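To start, the structure under review is shown below, and the notes come after it.
In this document, chain identifiers A, B, C, D, E, F, G and H correspond to the written order of the chains, with residue numbering beginning at 1 in each.
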Amino acid sequence: MPETLVFGKPTALTEVPTHYCPGCTHGVIHRLVAEVLDELDLTRRTVGIAPVGCSVLAYNYFATDFHEASHGRAPAVATGIKRARPDLIVFSYQGDGDLASIGLSEVLHCANRGEKVTVIFVNNAIYGMTGGQMAPTTMPGQVATTCPLGRDVEQAGYPIRIAELISTLRTPAFVARASVHSPLHAVHAKEMIRRAFRCQKEGRCFSLVEVLSTCPTNWGIPPAESLTWLEQHMLPYYPLGVFKTPEGPDRAPLPLFGGA
Amino acid sequence: MAKKLMKGAEAMGEAAIQAGCRLFFGYPITPQNEIPEYMSARLPQVGGTFVQAESEVAASNMIYGAAGAGERVLTSSSSPGISLMMEGLSYIAGSELPVVVINIMRAGPGLGGILPAQGDYFQATKGGGHGDYRCLVLAPWSVQEAADLVQDAFDLADYYRNPVLILGDGLIGQMMEPVEFKADRRPCKPLAPKTWASTGWKGDRPRAIINSLFLDPEALERHNQKLAAKYAAMERDEKRVAEVGTDGQYEVLVVAYGTVARVVYTALDDLRQAGVRAAMVRPVSLFPFPYEAVRRAAEKAKAVLVAELSTGQMIEDVRLAVEGRVPVHFIGRQGGMLLTPEDIAARVRELAAGEGSHA
Amino acid sequence: MPQIVIDAEGCKGCELCVHACPQNILAMGTNLNSKGYFYARMVEPMRCIGCRLCCITCPDVAITMRVSGTMYHYFAY
Amino acid sequence: MAQHDVVIAGFGGQGVLLVGKMLAYAGMRENKEVSWFPSYGPEMRGGTCNCTVVISDRPVGSPVVQHPSAIIVLNLPSLDKFEPLLRSGGLLCVNTSLIHRQPRRDDVRVVAVPANDIAIELHNPRGANMVALGAYVGSTGAVSERVLEEVIQETFAGKPGLVEANLQAFRRGVAIGRGESTQEVTA
Amino acid sequence: MPETLVFGKPTALTEVPTHYCPGCTHGVIHRLVAEVLDELDLTRRTVGIAPVGCSVLAYNYFATDFHEASHGRAPAVATGIKRARPDLIVFSYQGDGDLASIGLSEVLHCANRGEKVTVIFVNNAIYGMTGGQMAPTTMPGQVATTCPLGRDVEQAGYPIRIAELISTLRTPAFVARASVHSPLHAVHAKEMIRRAFRCQKEGRCFSLVEVLSTCPTNWGIPPAESLTWLEQHMLPYYPLGVFKTPEGPDRAPLPLFGGA
Amino acid sequence: MAKKLMKGAEAMGEAAIQAGCRLFFGYPITPQNEIPEYMSARLPQVGGTFVQAESEVAASNMIYGAAGAGERVLTSSSSPGISLMMEGLSYIAGSELPVVVINIMRAGPGLGGILPAQGDYFQATKGGGHGDYRCLVLAPWSVQEAADLVQDAFDLADYYRNPVLILGDGLIGQMMEPVEFKADRRPCKPLAPKTWASTGWKGDRPRAIINSLFLDPEALERHNQKLAAKYAAMERDEKRVAEVGTDGQYEVLVVAYGTVARVVYTALDDLRQAGVRAAMVRPVSLFPFPYEAVRRAAEKAKAVLVAELSTGQMIEDVRLAVEGRVPVHFIGRQGGMLLTPEDIAARVRELAAGEGSHA
Amino acid sequence: MPQIVIDAEGCKGCELCVHACPQNILAMGTNLNSKGYFYARMVEPMRCIGCRLCCITCPDVAITMRVSGTMYHYFAY
Amino acid sequence: MAQHDVVIAGFGGQGVLLVGKMLAYAGMRENKEVSWFPSYGPEMRGGTCNCTVVISDRPVGSPVVQHPSAIIVLNLPSLDKFEPLLRSGGLLCVNTSLIHRQPRRDDVRVVAVPANDIAIELHNPRGANMVALGAYVGSTGAVSERVLEEVIQETFAGKPGLVEANLQAFRRGVAIGRGESTQEVTA
């Protein structure tokens, strides 16, 4: 009987095993991106940009040309590459410390200039690589090594919601949030990633997909329970869905009360 | 092409375009705004792209990206903005990417002032960023030389896959002088195709990974040694220096770079007329520093005078060159104040007369 | 018939596939692989409905699926 | 003279940088070696601002000159700052419309130009700089008047209305510089 | 007959004449801030922070202790001062290049941590001090020295609306936009500034007032016409009013379409 | 207090608290995360404040603010993060503010690796930021010394109103050793009240303006010269150096700083047992560099060996000290690789035997 | 009666007050001050209604207002 | 012996840093000079990781030791890396649960410890590091067993359940180290 491979490694991934911790969903997100690149036939003209963070070694895992970026500056690097070679498909893959903390300015300006690049933003509510420090996305009360008593919103404020923030800029084409805490959500996440890359393929400007992800090691929660933790603690604060589309309305809020 | 009266800043921008640079990323800062302004008008005319970066930090990472994709790229700034590029420059050097960076120095530290100075010599030549890396550093003394060095800088950057820094001393950016661009200019180095650039991997070459991360310390050490060998090659092959009067007899050798050397030049003229014998060595490349030329010229003098618009930075390299054989003196102004020919001549006179050893 | 293959060396023992499988036919094994992980294994291959949820779930692409014979229609994702 | 060096100084907005550039252009047209170097404060308008122009038969050494052979001062702070630096025997062009004190140096040549008054009179209130430039050129012959008039024509080619107005202002200055028309320095 | 001074210099301003160009409304905004400090009796415990920009010399004009900050980093400097001395009233005064370009990350994080400081953000749609370069707030089509053909939204994107952006963060207490292009608007602007400082005085967290301002010199438009230009070109894109209040709702936008 | 086994990083954090520092602003980076983590737990216990900055750029401006308001303040980072602080440090030095900055160096350039290195010597000692400024730089070789120097650093910073940099070489941050904090410690400098700090102006003193901007070049020049005089005072009064065996007879002088000096120390031990005579000078202050002590010790040797975890940076200062009187050789490892006592001993043996002049 | 005083040396000649005045009683003068600006002046002091719009408008706080006699009620701002 | 220096190496997550620290604590309690120095890759879990502990009668010179007098290797990459560096005559503690090759050196003492197997057997699967530590201490006497048991008690004081489990694991290791209970290195 003929045998068909119905699920295997996408060609946009290399054979190198990842260094991610057991159960860390960075691996799932890598695969979804790679599958999309393959499906849209972009793999051979794509340049990826790895952040500083757990996914710093992404260049070992994606079978495309790659840049390592300095911490937080991947969107600036993306700008440089895309402006130099508009024919390339350029994406950055960034964690929440990288994008929402040190790199907040770069991603907002890249979005606001309307660079024709795609940002995959992995929000795991903590700094993974450096061992579990608080991120701007850390949940209120969540313990991290630099907030050992839990994030205190009086001292550190509330978590930043990147998809919301960026979608209020007028320029960017596509902004969405997805999650990979269940296979069903992964399917949706892939659809969001596909739409983002399709935007770029069609010559539209900036697209970003925020993907909620787990960090079992630094959360100190076993992998399967981490998925539940994400669902229970992160989902309510980080709603999933499409925040901005190329055709959609200007999403900047109006004043509560007008002036003068 | 005919001579044109141009500001140094604009001449450098035009030189970049003549050298095939089609990409500029930068952030405004006095006294070099004329460079981005010029580029924003000119680049679209030649099919190039100008992007006003949101900051110098971003600009240094944009040039990293563009250079990694194989294109010639320029940024420019002035002292505080260059300080913000230190992490980026270290990454660029570590990833072995060719970029050209212009620093039109102003007076520091901190916000300081917007007038000319030379207080960033250490930062430029010793590596203001972290880790063992070097920029190739060129310092023009006229608008024409500024234009010429910018063109060479692109060739040198490509050849060595290393950042090249043009260190302008603030006068050079604002000053207007006639300048000529040669139509038939040839690259100053043989240039290979950029097969290492990230242009999409089709399987026909190794994957292009633009990167300075080496998790294996042995690999990183090999990388450091490779870089060190490259810097050694620059020290062997890329020293540039101009000398005035060093073939004759003289009592005092003046060492100065950039437009300060112009002031020295005028002073030497005046001194000659007054019968005082002095000569000048002008390092054009600051890294690699022309130690040998300075040493040779210094040995003929009874005193060396280093003239800088700082509290004394290049003087350390001069002292490393001279190694105690001849006393090395310093004259400087700071804060945007300029040395005058009179200042220099007076000091040279003192030293020629055997005074002034109090410095 | 769907055929699930788990790469013992690629598996990091995270157990996510075990929880993902609607048929409850995956389990953690008791052998260590060379990296020191207990790896997952298929317990009742005959009951596999070929939904690919385990494949989709595995962060390490350690699970592949082949089909022999008639092709099912899989949901695109 | 082998080298003319002049400092032109005033408020930002008075156009001192522009007339300096025009002078340098004219020198270049005459195949001289030239340099132009500006210096200004952080204000866009109202701050002080000056430039140094060197026109020489030989390559220009220092583009900055401590003791210039001429100064053109359009306001009082500039007079205060540059008068002491003027070379002995040099030329001091002073804008008497805005400067109401007498020069203190007695070892220099003074040309008194009521530049703003003349400009206003010519219905070209922003042309005071041209008047002063004219006075300098008329008095020193650093460049030929004809060449400088060509430069004026080119500079304002985009705004034809201004060409004539500025030529007039320049010529009025030249006349004063030549001593054909003198004016008292008003106290 | 007794004479009363009904309008004079507030004590929070020094006697030093400003270096601003004729008709530049930086001077008006300075005075409004100073009047508020006097009226709320804060002058003697206030520390201001000057940006790099035309208002770099603000420390010469305000009769309070002052810090100069590096370009864009005033909110970080404010954080340092306020955390060191919570008893002080701390405000930064920043232009749009300073705050919206190089300093975007600092102001957003300062706002998001909920630092108990006040930011006065002067939006004049251009870089003043450096001679008229494009700012992130420059209007589409507006000419500047680095967009000599006018801002091209294809290359540089749309202007960033700071009040909108910051008000979508959950943490900050008060965000408003005002203008000073007419006396009436100046009166409203002062009310906004007053509310911002009152927030701080009451121990609430971050407040920001964006104030639309003119730059006759770099716009190349005479002062009086500049006021009209502001009204006609900036007001429609930058609506005035209160965007966030301490009591008000969470203003983060919801997804256009929900996910998974 | 009793000895405790502590990581260098934690000991430095505790030392800051003991020195009265109640404010920490910083951003995580390996290999010094233990400092912010320690501070985030400890500071609230002593009424202090820990703020995780959004970046190192922000952190360097937060400490600027806090120091300007008159409080003792600390930040820490590692090489790439320190590069991002270059503009901020230049402002802090220009505004004459007392701050303490810890750099636990890792291997560079760029992202490099996370293992120990000493490649930031130039950046630290020559001023990686723009303009003429200097940080006072101290380099500990043990956890105990790290703790002691951090405490001194706060006093020195306050006394000179200048940033003080603790340059840890990566081993020091991660290593655990016993450490003791003395309860009765006295400031190492006489300290004046901070009347210049911005604490609200009530008219009873001049207004406090924390600033590095000087629009008048003459004023900026005076400021530059005031700073230069301060650095000269440091060079006169703050040199710190440790010597091993320099009072005896020896053929080779080894110069090393930080934990590398520990490796040298072990090597000297081994060499002594083998009858090879060598001595060591260990600069503890890197700026001011103990030129005099190095020169004096070098003159007794027939060769000098500089040992660094870099491609050679401090060696320039050693050469400036020695001025050609004795040949200066180099031994280094890079990329996170460490020099071993065996490496050093072998090289010293070679030099003692008169070989190895090829380097 | 309201009394408007314009500081000739502090005025930068921007003309904003002239446009702001609802009574149209301010005008630019024809004398230059020491900084080279034509400064504003009050033309018809008797018609001044004391609204302070000129004061509020002046970016250089070059206009002050005193009142002699009866105090009006001014809008707070 | 004046100085004990040992490298403890394995995967991240195997607890090699922790047992190294415990060893150093024990040394300090015995009034020895001690140092502990870690080295690890960027992975939180699964990467390789090691630490060097020096226990000495004199101040510790280099905290990093090229040729240690003992190594404790918990996985194969660590054996491959450190076996060649072990000092001649030194001690090699090898975790035979995960390492299925024979040591190559014949000039060193080998203690084979099936650390994971014993830990699993004790229902303390994360205690393999303790078993290995025990083997080292039992074999070298670098510190006294009693003091190390005190350190274990303190270390896990917060989680009383773990104290006994880890003491047991440690003691099983000690027994092997002392040679009271040997196990074959399984191939």
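Convention: a contact is a pair of C-beta atoms (placed from the backbone, for glycine too) under 8 Å apart; a residue touches a chain by one contact, two chains touch by 3 or more.
These numbers come from a predicted model, not from an experiment.
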Handout entry: Mutual neighbours - chains that touch subunit C and subunit G alike
Key = none
Completion exercise
Of E-G and B-D, the pair with more C-beta contacts is E-G
Practice task
Would you kindly say which chain has the C-alpha centre located farthest from the C-alpha centre of subunit A?
Solution key: D
Fill in the blank from the handout: Chain-centre distance (mean CA atoms) for subunit B and subunit F, in whole Å, is 29
Exercise for the section: Determine the centre-to-centre distance between subunit B and subunit C, using the mean Cα coordinates as centres, and give it in whole Å. Expected result: 60
Fill in the blank from the handout: Cα centroid separation, subunit C vs subunit E, in Å, comes to 57
Practice task
List the centre-to-centre spacing of subunit F and subunit H in whole Å, with centres computed as mean CA coordinates.
Solution key: 34
Exercise for the section: Specify, in ascending order, the residues of subunit A that touch 2 or more different other chains. Expected result: 20-22, 56-57, 68, 70, 101-102, 104-105, 109, 113, 129, 131, 136, 155-156, 182, 187
Problem - subunit C, residues touching no fewer than two other chains - result: 12
Exercise for the section: Scan subunit D for residues touching two or more other chains and write them down. Expected result: 41-42, 46
Handout entry: Of all residues in subunit G, those that touch subunit D in their complex
Key = 12, 32, 34-36
Exercise for the section: Show which residues of subunit B lie in contact with subunit A when the two form their complex. Expected result: 23, 25, 49, 51, 53-55, 57-59, 61-71, 73, 87-88, 91, 95, 198-203, 207-213, 215
Completion exercise
Note: in the complex, subunit A contacts subunit E through residues 101-105, 108-109, 111-114, 136, 153-161, 164-165, 167-171, 176-179, 182, 184-185, 187-189, 192, 205, 239-245, 248, 251-260
Handout entry: Interfacial residue positions of subunit D with respect to subunit B in the complex
Key = 21, 24-25, 28, 33-39, 42, 60-64, 66-67
Handout entry: For the subunit C and subunit A complex, residues of the former touching the latter
Key = 2-3, 9-10, 12-16, 18-20, 37, 50, 52-53, 55-61, 63-69, 71, 74-75, 77
